[in-house]
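Have a look at this one before I ask anything.
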Amino acid sequence: MTDTPLSPETLDRLRASFDAQGLMRHLGASIVAALPGHVTLRLPFRRELTQQHGYFHAGGTAALADSAGGYAAFTLFPPGHDVLTTEFKLNLLNPAQGDWLEAEGRVVKPGRTLTICQLDVWGVGGGQRTHVATGLQTLICIKPRPATS
Amino acid sequence: MTDTPLSPETLDRLRASFDAQGLMRHLGASIVAALPGHVTLRLPFRRELTQQHGYFHAGGTAALADSAGGYAAFTLFPPGHDVLTTEFKLNLLNPAQGDWLEAEGRVVKPGRTLTICQLDVWGVGGGQRTHVATGLQTLICIKPRPATS
Amino acid sequence: MTDTPLSPETLDRLRASFDAQGLMRHLGASIVAALPGHVTLRLPFRRELTQQHGYFHAGGTAALADSAGGYAAFTLFPPGHDVLTTEFKLNLLNPAQGDWLEAEGRVVKPGRTLTICQLDVWGVGGGQRTHVATGLQTLICIKPRPATS
Amino acid sequence: MTDTPLSPETLDRLRASFDAQGLMRHLGASIVAALPGHVTLRLPFRRELTQQHGYFHAGGTAALADSAGGYAAFTLFPPGHDVLTTEFKLNLLNPAQGDWLEAEGRVVKPGRTLTICQLDVWGVGGGQRTHVATGLQTLICIKPRPATS
């Protein structure tokens, strides 16, 4: 949304949440950049991520895109709130090849309950950057449960 | 589409293609059932598949659903033809928990060029079967390239 | 969801809301059936609804499907609550032709905030019933605003 | 895609196709701008287009967006070829109000068989321009049938 950097507190929350995702570690993804409403993730190529032709599997592309959008929304939530994907849709534009994938999530419409993100995935390698997928995603903000005494 | 079993030749092609998918092996998925236009995959729970709350990550759910639909379409294609996902959309209905996920892909509309599948994912465990996600997917049939001499 | 009929009060609310939709009247749509979580609408063919080949325009198909799903969700809401579509996706399966279109909305997952519906549209005519479109839709329940004194 | 104007021949084909759409005339839509891969349509407010709260009905928003994307793809097709929507998805971001709606279709990925468009709808009025909806759409290029003698 802006070029203002995230507060250190928000960045810490984001990193803690990302590190708690077993799948992102298992795939080998990492955070490239995080600004308010805009998060970029990277996933280096490995044979463990391929479909039957040796390209990145659409499922890995989707997992990376979904996380990028989820964290883009998360950066705009108040402390203590969490994020869940309610739905997403992805159009696969080009074969997902390259040395790594880069997935960008950008908040199109923030909201107290629902946040809408645009998702874009790029295949990067050999001096090229190819638009691999574009998508839309709806996320819901989960309020913290009141403490019970 | 029917209860007719797949021909041994089609089943061999399906298994060979599935085994060539690095991602399905990396996640730990396997084929449960395959009938013409209807394929079911299974993904046992592992910490390596979780999101930040310890449930299955939506990205893993999506990868499994995408493959189930892709192979459901593939069972209806002529020998030598391959399948690519052009787009899919997934609604996440309930927390994806359980001992394993089961993803069903069913062909709603076969076609020479495009095939449309319905995707459904279930979380199974503790005697329960919960509807985790439902989706729609468009697949394209890739004709074999003519051999070059 | 069930075969229990709607309460007369819910049926009245549904009809009042439907009749307040200028677009449904302008297109010529009517309610065929309404059960809890399951609403069917009908749209007779007219030249005013066509695309460039003389079939029903995908936009009319979408309008009808969106309303069917919206009212399917509405039947499950408490009195005084209203419904808004947050997103929908439609796959167009066959040319939308026939004497009329029939759109079915069915609640797949009810919820206090979000409700998910499956949408199906059929073209009916000449003794045939063709599956014209299938879709998914997310709806949000709008709580009544507190009265101001 | 570019700022090059359309050829007069393409513009004629586009207008002839648009004028043949009964639904666009019935709703009151018109073409605002047409460039290669980028078409804008306008729909003035009328009571005949409303949902139950007096805003534009999501179905009208969808019809306009679908046509804008369809014609954006159409501008890139060779003469004699036609366009069909295979699927689209729309996220509704804000109440669709204003003096008119403006729908923009932009080709994200052209292709010989499939073309992918981004769809955006704006509500314009009272000096404001509100982002009402954003979407994605897949279109298929229909080749002319060989003449039969």
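Lettered A, B, C and D in written order, each chain numbered from 1.
In this section, contacts are C-beta pairs under 8 Å (C-beta built on N, C-alpha and C of every residue); 3 or more make two chains touch, one makes a residue touch a chain.
By chain, UniProt protein names: A, B, C, D = Medium/long-chain acyl-CoA thioesterase YigI.
This structure is a prediction, so every number in the text was calculated from the model and none was measured.
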Neighbouring chains shared between chain A and chain B, ordered by label: C, D
Centroid-based (C-alpha) most distant chain relative to chain B: D
Chain C and chain D: spacing of chain centres that average the CA atoms, whole Å: 22
Whole-Å gap separating chain A and chain C, where each centre is the average of the chain's CA atoms: 33
Separation of mean Cα positions, chain C and chain B [Å, integer]: 30
Multi-partner residues of chain D (each touching 2 or more other chains): 86-87, 89, 91, 136, 138
In the complex, chain C residues that touch chain B: 89, 91, 93-94, 108-109, 116, 118, 131, 134-136, 138
Parts of chain B lying in touch with chain A, wherever the complex brings them together: 17-18, 20-27, 46-53, 57-60, 62-64, 66-67, 82, 84-92
Chain A-facing residues of chain C, complex: 86-87, 89, 113-114, 136, 138, 140
